[in-house]
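Notes to accompany the following structure.
Naming follows writing order (A, B, C and D), and every chain is counted from residue 1.
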Amino acid sequence: MRQTHSDKDYQVLQVVAKLLVPYILLFALYVQFHGDFGPGGGFQAGVIFAAGVILYAMAFGLDKAMSLLSPQVLRPLAALGVLIYGGTGVAGMFLGGHFLDYYVLATPPTAGQHLGIFLVELGVGLTVTCVMLLIFFAFAQRAEQAP
Amino acid sequence: MNWVGLYNYWIVIFLMMTGFYIVVSQGNLVKKLVGLNLFQTSVFIQYISMGKMPGGTAPIESSAPAVYSNPLPHVLILTAIVVGVATTALGLALAVRIKQAYGTVEEDRIREEDRNV
Amino acid sequence: MIAANLPALQVVLPLLSAPLCVLLGRGRAAWLLATVVSWLALAIAAALLRQVLAQGAVHYAFGDWAAPWGIEYVVDGTAAFVLLIVAGIAATVFPYSLLSVEKEVDPERQALFYAAMLLCLAGLLGIVITGDAFNLFVLLEISALSTYTLVSLGQDRRALTAAYQYLILGTIGATFILIGVGLLYMLTGTLNMADLAERIEGLHQSRTLQTAFAFLVVGIGLKLALFPMHLWLPNAYTYAPSAVSALLSATATKVAVYVLLRFLFTIFGTWFSFSDMNVDWILIPLALVATFSMSLVAIFQNNVKRMLAYSSVAQVAYMTLGIGIVTVTGLTAALLHLFNHALIKGALFLALGAVFYRIGSVQLDRMQGIAREMPWTMAAFVLAALSLIGVPMTVGFVSKWYLILAALEKGWWLVVVLILITSLMAVVYLWRVIEAAYFRPRPADREAVSEAPWGLLLPTWVLALANLYLGIDTDLSVGVAGEAAQRLMGLGP
Amino acid sequence: MIDIVLLTFLAATAIAVVRHRNLFAVVMLAGIYSLLSAGLFVTLDAVDVAFTEAAVGAGISTVLFLATLALTGPREAVPVRKPYLPMVVVSITGAALIWGTLDMPRFADPQAPIHQHVAPRYIETSPTEIGIPNMVTSVLASYRGYDTFGEVTVIFTAGVGVLALLGIRRKRSSKDAAEKE
């Protein structure tokens, strides 16, 4: 990020990043949707996804990363994640259960649980990715202008 | 009395208190936050330690019969980790703004600045 | 469907409105949403109170998982009473904030400001209503993180250091609570409060339980600004935006007092807390020192917000004094003062916010002569000030009366004398404000201003008149508080 | 045995954090501390937690700390006062905790209350009741799903807070950037 780096440093980083970033993002998706069977879930996936983008930003510059995932898009998406989670809960309420009751979402009961968990993990993943990136952008933008 | 079973907890308490000490003794706002992180992480270790079963495995069901460690502390700590990073981010954002407003992140110098106004 | 889900809606409604505020993105729209939601929250709280008075405690299981496996909400008389005051204060502060915030917070941040206000409200309501010890920690952090944000949005740069200091001490408090809850879990295997209470019964001699108790009391003490752990409070209240000072001073510490009540009486039980651990031996001396010393410090403040902040520490000590007396009357006094002090400080801070709106300062020397220019604002201030002192016909009188009764029942004459002395000290510091506002000429370098707009006056007067009305018609507050106190002591029906 | 080794390393790292005055080193040590505790979590069967601690503590937190240090400077001032009061406070707190351990269930005691109450249901019936093998996910997203809702809200609150404090300016136009050079 700093001006003091020579171009060569950047090149190494860029090559490494180019190789790694797609796999990191793929791995994040795997973690997101595989949390039922192995370790993982929305939160870890969100953090890993964000880490992938952060690596990209370090290699190719903050501006490029921010034009790829613009804060103007991330901000509503972060809110949307919370709403997906809450909405799943409210849906349970509308279908005759209590808040966050997944059994009423589908039959058989375990299918309802699967659906509910899938949805809330999606909400978690979305909010965590977006908030982590927003926070990183906010800090990095300031740091870039440091004297 | 069987003291051996407590040895782990004592080290964890030492870790907690080291973090706590950094928070209350250091004057640098960023270092205080590092201390807060250490303090919280050590509390996490305490929680996870208590969920351990002898000869247990991770609480993910497998086909072979197994003894599982208690999943509840794991869940609580996952939440607590998130709370921790949220606090850290907010604290650092405050530190950045304080640096901008006061020109320093040392407690003593901030106090001096405020007294001079 | 709605009636059965009221306990969840109480918290989920403001909580889900926060992301909506961010989506709306514009100050006024976010304000409108927040205000409507705060009124709905008040309506829900009122409905819950009615439900509880009619049919006893209401239990609500999230996800339909029975406690202790799932998380449950429990609304009993005490909880409903505190919900009502928190939601009531929010319902007056939110409408007020439109003008106040437009003046004090820059436009880009207003939507985020209202989101944080809603999150803070949701957190506070959730803390009151939750029946799960770990869930309490999570909600505590929601309200705490949003509070740090709100405090930091004050105009003065000292708002930033105040927020930072609050963040550090608040997080230490929360971590202590986390340690305490962890130890309790270790001993009992459960996190549900009712289940905990049952399982703690047989463990009174356990040193681990005693340590858990100590950590929880210290952690909660930090949150409620229990003297001498109050250091974060004066700066936070002084430099926060006006609407935030009003909301926090009226609700945040009160909710912490409520949490202390819950742990001391419901979870650990009266016997363990007071006979085994003798926590009253700590609470009472600290309370007495706090009311006296903090009232004294308040007298020498020139920033009126800061003066009221120190006064808050002193007033919270009245509540812990009531708790420390451990009688039904003492607890009734504590609960009543919790309710009444919210009305008093809410009104005072709102009136100050109106002054700040006009002259941009709440320094005593800047406020000289202000009563001639803003007669209505200052009249509301005086009314609430009388209530803070404890003049008959105001709510402040009612709670002090019960506190004195409680001390008399114990035969503690010295405590009664001290309560009277500290009330006189309140007269002294409030008189300084009144004297400046009414009997001093306007400083030459201050422009003459006009009365505050009605958007600020109306909410201020609603709270000021509530001080008067509930001071005369005491059936609701005394009735509910008395019954709640009996139940906490384990004597109730 | 491996956990004792890890705990010892953790203690060494913590002491190093106290002593170092170069904040870059301190932040790096804190990252190492997180990694070591993640390792410890693995030995204690908490793979989900280990995963998260590594990603958050050693990853995101470290990046944020480094970005902050770029702004606030890497050197810490030498304190003028001796930290006697903090020492006393910390010693009392630590002593209280040690005293509290004396009646604790021993480490990895299968008879401890937390293995007898509440948790058994998660372990025994969640795979059939919820239908997924990872019990941590079951408890996190379903039994205690409301806590996790709170957790998402906490992270969202932090986002709101950081945006309110630091803000993100829209992309600088190339002209502004040129002027800065």
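Everything that follows uses one rule, which is that a residue touches a chain if its C-beta (ideal position, glycine included) is under 8 Å from a C-beta of that chain, and two chains touch if they have at least 3 such contacts.
As the structure is a prediction and not an experimental result, all values here were calculated from the model.
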Which chain maximises the distance between its CA centroid and that of chain A? C
Counting only C-beta pairs in contact, which chains form the busiest pair? B-D
Can you work out the whole-Å distance between the CA centroids of chain A and chain D? 19
Could you work out how far the Cα centre of chain A sits from that of chain C, in whole Å? 36
Averaged-CA centre spacing for the pair chain B and chain A, given as whole angstrom: 23
Let me have the rounded angstrom distance from the C-alpha centre of chain B over to the C-alpha centre of chain C, please. 28
For chain B, what residues touch not just one other chain but two or more? 16, 20, 24, 29, 50, 58, 60, 72-73, 76, 78-79, 82-83, 86-87, 89-90, 92-97
Contacts with two or more other chains occur in chain D at residues 47-48, 52, 56, 60, 64, 67-68, 71, 97, 101-102, 104-105, 112, 114-115, 118-119, 122, 133-134, 136, 138, 140, 142, 144-148, 150-151, 153-158, 161-163, 165-167
Send over the residues of chain A in touch with two or more other chains. 37-39, 43, 75, 78-79, 82, 86, 89, 99-100, 102, 135, 138-139, 142
Footprint of chain C on chain B - complex, ascending: 16, 20, 23-24, 29, 32, 36, 39-40, 43, 46-47, 50, 72-73, 76, 79-80, 83, 86-87, 90-91, 94-95, 97-98, 101-102, 110, 114
List the residues on chain D that touch chain B in their complex, please. 3-4, 7-8, 10-11, 14-15, 17-18, 23, 26-27, 30, 33-34, 37, 40-41, 44-49, 52-53, 56-57, 60-61, 64-65, 67-69, 71-73, 76-77, 79-80, 83, 86-87, 89-91, 93-94, 97-98, 101-102, 104-110, 112, 114-115, 118-119, 122-123, 127, 133-136, 138-140, 144, 147-148, 150-151, 154-155, 157-158, 161-162, 165-166
Going by the contact rule set out above, which residues of chain C touch chain B in the complex? 134, 137-138, 141, 145, 148-149, 152, 157-158, 160-161, 163-164, 167-168, 171-172, 174-175, 178-179, 182, 185-186
Under the touch definition given earlier, write down the residues of chain A that touch chain C in their complex. 75-76, 78-80, 82-83, 86, 89-90, 92-94, 96-103
Which part of chain B faces chain D closely enough to touch in the complex? 1-2, 4-22, 24-31, 33-35, 37-38, 41-42, 44-45, 48-54, 56-62, 68-79, 81-90, 92-97, 99-100, 105-106, 108-109
